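I'd like to ask some things about the structure below.
For reference, chains read A, B, C, D, E and F in written order, and residue numbers begin at 1 within each chain.
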Amino acid sequence: MFSVTVRDHMMVAHSFRGEVFGPAQRLHGATFVVDATFRRAELDADGIVVDIGRATEELRAVLAELTYRNLDDEPAFAGVNTTTEVLCRTVADRLAERAHAGALGAGARELAGITVTLHESHIAWASYERSL
Amino acid sequence: MFSVTVRDHMMVAHSFRGEVFGPAQRLHGATFVVDATFRRAELDADGIVVDIGRATEELRAVLAELTYRNLDDEPAFAGVNTTTEVLCRTVADRLAERAHAGALGAGARELAGITVTLHESHIAWASYERSL
Amino acid sequence: MFSVTVRDHMMVAHSFRGEVFGPAQRLHGATFVVDATFRRAELDADGIVVDIGRATEELRAVLAELTYRNLDDEPAFAGVNTTTEVLCRTVADRLAERAHAGALGAGARELAGITVTLHESHIAWASYERSL
Amino acid sequence: MFSVTVRDHMMVAHSFRGEVFGPAQRLHGATFVVDATFRRAELDADGIVVDIGRATEELRAVLAELTYRNLDDEPAFAGVNTTTEVLCRTVADRLAERAHAGALGAGARELAGITVTLHESHIAWASYERSL
Amino acid sequence: MFSVTVRDHMMVAHSFRGEVFGPAQRLHGATFVVDATFRRAELDADGIVVDIGRATEELRAVLAELTYRNLDDEPAFAGVNTTTEVLCRTVADRLAERAHAGALGAGARELAGITVTLHESHIAWASYERSL
Amino acid sequence: MFSVTVRDHMMVAHSFRGEVFGPAQRLHGATFVVDATFRRAELDADGIVVDIGRATEELRAVLAELTYRNLDDEPAFAGVNTTTEVLCRTVADRLAERAHAGALGAGARELAGITVTLHESHIAWASYERSL
């Protein structure tokens, strides 16, 4: 199995509901350094998993819909805690939609799966792994 | 599949028995930067894999039993080489015991597995992965 | 010249005023990974720049006054853009006050200066350096 | 499952054929920071996955055949784009050959697999995972 | 003293003349992860050292003139070894020219200096520091 | 001013005397990731600060005298706490001796200074800077 990963980041404000979150129930923020990994069983004729330029652009486009915002105000997250885990799934699912729509090129139909990791600090991160 | 990882560290002395270890047969030491990863198929009602605050505390508690010690003197490791691999398993198994005992909360019963990675330097690390 | 650095982090929401900030004029957030460096010309009798345990506690105490908050609501920052640079100075000045008040121990009177670096992402950081 | 990873690097020139590569069709170069991971279900009698000294030497030997070269001139890559993905497979396959030939010791016969990751920058990397 | 640093990278081929370079006399390549640091004694009215957006764009523009090239073919480096140290100075000098020409904004006239660091691998890097 | 830095590591056991050290008064250990920085006002005729190959070898030689040892048993440290700060000075002074003895080549006579940084974990490090 092969994989390619590209890294970008987003900077958001949000708050959480639920006693388990302690002080994070207050409005605060985070830089999420985001790693998007694309997996594929065999390489294409060019010797790649995916066009890394396109992968980078699509990740940037997905993060552009989230960054520099207060996620508490985003309709897409109404009634949902925007935890690091939830945001991993959001980014992975939106990348999967774009892959299905052809944004990563024809070869992206051969992708086996996507994993998205969000680093919230130097001591904590989360991941979500899905098939395509 | 979702995962959450928290990082901490420990600083220990130890020595190894066996020619394969070369100069590491002498008493020496290591800082182990420790990553504990908790895996779970679905998120709980709060949108998390595990209470990250509790996960951090439990990892710290497990490492507090090991750090600032000469592991050659610890009864738990009598007759055992405390290699990076063995210590990964020790940390993972002790975290698993705590999860089973409820230290990570009721939701932790849904955890699928734990992976522990110990970084012994900028050029070498080891991991142990187990189910829960 | 000797120095010792300890690392911690904070997670805040804020917004900026001024066209130069572009989309960062909207309410957003950041994780700041914070490095506090203490400088001293000669080591003390124990062979240290500063008690690293105390330095860690004081940095944590300074960051506890800032983390998990919307800095736009903090009286201390009324009328001030809480840029990465400004927050570096805030953390450095508050550490300096604590050093002067004895929180870092008697030996801390020999400290020559403090530098604080805030990493806002994997591709951008700022620093502020001052004497003591 | 246990694993051990060792890190080294190589510095190569190369160019790619295919429109998908854009400006990388020109002769350029890369530092690849290389992580070689060895997996094994159970530890050996010494408590290790593999002799980390030998693993480091074998990785260095494999990279010595590639580093400080223009890969466009290497017969082994005639007609092949030496993408990060392809080079991951090359390094993994050559390590596997050496493991099979006994270079990692008798215990290496118990290895379950090898994963090789090449970091081409702070924002992009690729991996290849194979069984042994 | 305040500073702000932004990070980008370039991927080049080159070779060196001189016995001191050993195997690096052959055509090879490198990824240089580039950190550009801008220093200033006092912050401007917005609370910043420099517009980080512009600093990022100017660094990218400087690196765009170097990346995905064989530096042995660049007239700017005729008769010069493009060592990591030399490339640090090239990037710093070109950023300084742009700052003087106003590309970083009017406030950039207050900049005290620039430092450029090029990381050639996980175990080696170089820097060049100059005033403005 | 130019600088070049090379990185290596050592793994030692030791203990400290003095209440300020708390649990670190017990025999424990550390991995020190060591960065040695060589500074010079102007580059030599080859375009370098120092032969990076020699610098790497000399750093390795200095660390070879310390690694895989219990520093409490080393005569060189009798009556001295081998704190991170003290070890920074030891490594810097030993590199300076080697530079003066010609081990870094004739050009090394032009070196302005050396800085040594020891990283004891992901959250703490120390440095010592000296002239040559």
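Note that contacts are C-beta pairs under 8 Å (C-beta built on N, C-alpha and C of every residue); 3 or more make two chains touch, one makes a residue touch a chain.
Just so it is clear, the model here is predicted, and its values are computed rather than measured.
**Q** When the CA atoms of chain B are placed over those of chain D, what is the turn angle between 0 and 180 degrees, to the nearest 5?
**A** 120
**Q** For A-D, find its twin among A-C, B-F or B-D: the pair where over half of the contact pairs carry the same residue numbers.
**A** B-D
**Q** How many angstrom between the C-alpha centroids of chain E and chain D?
**A** Distance between chain centres: 30 Å.
**Q** Chain A to chain E: how many Å between their CA centres?
**A** For chain A versus chain E, the centre distance works out to 31 Å.
**Q** Averaging only over C-alpha atoms, locate the centres of chain B and chain E and give their separation in whole Å.
**A** 41
**Q** Pull out every residue in chain F that's touching 2 or more other chains.
**A** Where chain F meets two or more other chains at a single residue, that happens at 7, 122-123.
**Q** Which of the residues in chain D end up touching chain B in this complex?
**A** Of all residues in chain D, those touching chain B are 1-8, 43, 46-49, 51-53, 56, 105.
**Q** Considering the complex alone, what residue numbers of chain E touch chain F?
**A** My answer: residues 16, 18, 20-22, 80-86, 88-89, 122-129.
**Q** So in the complex, which bits of chain C are touching chain A?
**A** Going through chain C, the ones touching chain A are 7, 9, 11-14, 23-24, 26-33, 67-70, 120-123.
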